[in-house]
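To start, the structure itself, in structure tokens.
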Amino acid sequence: MDQPTNHTIEDQFQARIDAEERIEPKDWMPEAYRKTLIRQISQHAHSEIVGMLPEGNWITRAPSLRRKVALLAKVQDEAGHGLYLYSAAETLGAERDELLEELITGKAKYSSIFNYPTLTWADIGAIGWLVDGAAIMNQVPLCRCSYGPYARAMVRVCKEESFHQRQGYEIMLTLARGTATQKQMAQDALNRWWWPSLMMFGPNDADSKHTAQSMAWKIKRFTNDELRQRFVDITVPQAEFLGLTVPDPSLRLNEETGHYEFGEINWDEFWQVVKGEGPCNRQRLKARRKAHEEGAWVRDAALAYAEKRRKRKEAAAAKTQVA
Amino acid sequence: MDQPTNHTIEDQFQARIDAEERIEPKDWMPEAYRKTLIRQISQHAHSEIVGMLPEGNWITRAPSLRRKVALLAKVQDEAGHGLYLYSAAETLGAERDELLEELITGKAKYSSIFNYPTLTWADIGAIGWLVDGAAIMNQVPLCRCSYGPYARAMVRVCKEESFHQRQGYEIMLTLARGTATQKQMAQDALNRWWWPSLMMFGPNDADSKHTAQSMAWKIKRFTNDELRQRFVDITVPQAEFLGLTVPDPSLRLNEETGHYEFGEINWDEFWQVVKGEGPCNRQRLKARRKAHEEGAWVRDAALAYAEKRRKRKEAAAAKTQVA
Amino acid sequence: MTTKEATFEYLLRLGDNALILGHRLSEWCGHGPVLEQDIAMTNIALDQVGQARSLLQYAAQIEGEGRTEDQLAYTRDVMQFRNLLLVEQPNENFAHTIVRQFFFDAFNFPLYQGLARSKDEHLKAIAEKSLKEITYHLRYSSEWVIRLGDGTPESHKKMQDAVDELIIYTGELTTADEVDLMMAEAGIAPALEQVHTAFDERLNAVLQEATLNRPKPSYMQSGGKDGRMHTEYLGYILAELQFVQRAYPNMEW
Amino acid sequence: MTTKEATFEYLLRLGDNALILGHRLSEWCGHGPVLEQDIAMTNIALDQVGQARSLLQYAAQIEGEGRTEDQLAYTRDVMQFRNLLLVEQPNENFAHTIVRQFFFDAFNFPLYQGLARSKDEHLKAIAEKSLKEITYHLRYSSEWVIRLGDGTPESHKKMQDAVDELIIYTGELTTADEVDLMMAEAGIAPALEQVHTAFDERLNAVLQEATLNRPKPSYMQSGGKDGRMHTEYLGYILAELQFVQRAYPNMEW
């Protein structure tokens, strides 16, 4: 029914969204909006943290000092992204410790891509090129996300991630232009990381339950399939430039639309990995759990020391007063 | 004073020794004889066990499958020697658990040679050639030791150890006849293991407090210096055959005596390592302690299970009787 | 894929299983919980690396390119190895090691019983010789599963944790793929269904006596024997195993 | 030994210290006790490997045989490395890692202050650039020694154990040998006695504030910087560090 004078608080909120206004921490927001953002932002943060593992796996074996330094810097950046994102989630009332608890108990999700193993040095190139590439495709629109802290975090993340992607591509280029063995290593890595990278965009739109509402709230700007198509269109020519073959026999350029048609994703594999049944899911969680448990004494000591310092300061201040 | 009719039990014991009779576990023996044998046999056992560490250090990196198998077999033999020797010590009233406790607390000694690190594959050759060589020099006379169980253990040990020594020498030969790099690796290993191997014979006779009594009791058949000289005389030609240089500028063949004169051992280093200040003393003990502590639950479980089985058998037997 | 190509692949699988598991066991040398178990594990490792030699030698022969057992062991990288995922799992603790060993032996024993009837005479001879050793390995690991499963509450928990973690690697053992089917077809290897039946019964019997629960996982991991996707552990194993030959290539050792 | 040869040796020492310690720290990546410390340790590792690049590049230049930083890092074996024994010690736990770092930084800071006045212009430039980073490293490790030493009884014990274990590696840091003396003589590096005084004072001050005991060991280990006798740890570090280059030599990465 048409009620031109109806201004509920939900309506006002939606109007702000529609007007492309930024929602900030102190603003009123529907509980569902808050919850969906906490879920998405924390999943994003968890992804950065867990993502340190497959890449960190090759720091000690990086084949040149320059690559060793670059990979250390990349992983450090990712950890930093995790920090920004946990902080952004905290502006919505979440507690970092609780979020971390959900991660290590397996309750919380993180990007499934990180449940695949890095088996050769070329995987590091493939991850930078494809995984960061797909992440950027997802993240650039998020820079205009309706929620202020998340949007601003995304701006910082995107800047660094573009650099990472170029570095990953440069690794692939070096390998593709190297010896036959190196080129084969690069092709093998592409073979293993291509489809999982496409899966990073989530289920097809028809099967994606969150999308509609997320788009209405301008958390999401494009659908899964739109982003996936954009990624394929940009990345396939990059593979061709490398002289490598995308492992998809159905791949073909549709001259009319200008888009690449590509094969069906193995949705069984997609859901298996999401469910926790991927190659490395258990190892990733086990590693995070171990780090957390073995670090408990360190965190406890830091708290205890901070408390001691505080008391000493108080005591010193009290003395000064008395004197 | 001459007392032809004095036959104290100590005199009878010594007479048996002098007559080359074997002393067995049930025989009377002076407490000091028992103690010195427990000390010597347990030190020997500890040496076999600790000796598994520097050699075991190269099993995962053995450069051919044949060498990997041989090294596994060698280390397994050494563990077996440890078993025989602990059993021999137990015949004298020692308890294996107590002996192991003394080892990991640092109270008990073991051959200092195992406190040196194995840094290259050639070290494995050097150890087989020199360390087993020196050990054999010590152990062959022990096959005629007055104490039966120790002598018989030594016969078994010597047979296997001769094989180990030949294998070690064969590794050195392969390296010495290999590439320039391999020959250099062999020379470097000889440089590091030569003097510590000479130290395996203990202090000079003049400084060796145990020797006189041990020889009277026919535990020891030759003095430290005698054995050391024999080792040098046998080993120097072997080094020459390999085309390697013994790292001793004072080394020269005395044409008259037929023996090699050699330089002064660095007795400071000798006593430092004996005292626990060698390159790997702490690591060796730490490794043994860790194995022991982390294995406690396994040993406890084995005991608990054995007890359960015993009770079940008793219960089953009781049932049978009643029925 | 020709029968010869499949046979080569199959021999690599057998050889790599023996090599990688033997290598893992050898990491325990000098660190075992009790001297007798140090000896026992070293002994099993010794048997396995010995089997690996025979199998990789034969594999090289079948391949017919003049490669040696050492070239196969020391110059292939992760993507070319064909061992089961189970055998590259880390030692972790004695419980994990024993469970890994038991799961493998419970499969390997019926497998080798079948291989000892192989139409391939050379493989048959290798299998006959290895069967004695594998019979001992299975007895050893079964006894320890029972001893530790039915020992103390602490040992029971460690064992159950190990079983729960490693069970998802057992599917790959007895799930036949193209190579397995071709080998069974050619009478070179037994049909994996038979091996599975024996494996299954053994697991039930031993785990039950050990008072351990046999989990029913919703999925199984694979990717080892076909080389499609090993775990991140294998690269580190090879870095140690192969270092000397990689650093000093083309030399005699 | 000529001054040029001694300079090459010395640069290897500086470069290998940075490389091996940076490598050890990088093993923590993704496994730190708290996200902020993961970042901090990775950051220090990054600085150190960066320093290693500069130093090994210059070392190669001085050597004058056309070798590169990567050839020095990836194709020397254990007997040719010149890092201190301290930096090859394993991570063990966060206490060991922090104590190792602190001992090294307390030495490295006054060393680099001295190197920033080197008569060798190139080394002076490297040192000036690195000094900012090393100043931060020392502050970080000192703070954590204090925080963990004076934290809980558990952290105190872990820290004291680490101090007691690692102290025997500190003598090598400031005990001058022929190369050190030649470098001081030539004004290329500071005299180690001065570095020792600063190191000594720093240790006393920080350990005291951390309520930790400074042991007086009866001996000190050495053999790292002169390459005479490294520990058994270094071989394993190099097996990982160098594997790809060893397995795939003479390629661009």
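So that you can tell them apart, the chains are marked A, B, C and D in the order they are listed, and the count of residues begins at 1 in each.
Operating definition for what follows: contacts are C-beta pairs under 8 Å (C-beta built on N, C-alpha and C of every residue); 3 or more make two chains touch, one makes a residue touch a chain.
Everything numeric in this text was worked out from a predicted model, so none of it was measured.
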Topological distance between chain A and chain D, in contact steps: 1
Centroid-based (C-alpha) most distant chain relative to chain A: B
Whole-Å gap between the CA centroids of chain C and chain D: 41
Centre-of-Cα separation between chain B and chain A, whole angstrom: 58
Distance between the centres, which are taken as Cα means, of chain C and chain A, whole angstrom: 37
Residue numbers of chain C (touch at least two other chains): 77, 235, 239-240, 243
For chain A, residues contacting two or more additional chains: 61
Overall pattern in which the protein chains touch one another (line/ring/star/complete/other): other
Pairs of chains found to touch, sorted by chain label: A-C, A-D, B-C, B-D, C-D
Of chain A, residues touching chain C in the complex: 54, 57, 61, 116-120, 188, 192, 272, 277, 279-280, 282-283
Contact set on chain C toward chain D in their complex: 75, 77, 235-236, 238-240, 242-243, 246-247
Chain A partner contacts - residues on chain D that touch it in the complex: 19, 23, 26-27, 29-39, 42-43, 45-46, 49-50, 52-53, 56, 69-70, 73-74, 93-94, 146-148, 150-152, 154-155, 158, 240-241, 243-245, 248, 251-253
In the complex with chain B, residue positions of chain D that touch it: 77-79, 165, 168, 218-219, 221, 223, 229-232, 234-235, 239
In the complex with chain C, residue positions of chain B that touch it: 49, 52-53, 56, 59-69, 72-73, 75-76, 79-80, 82-83, 86, 121, 171, 174, 178-179, 181-182, 287, 290-292, 294-302, 304-305, 308
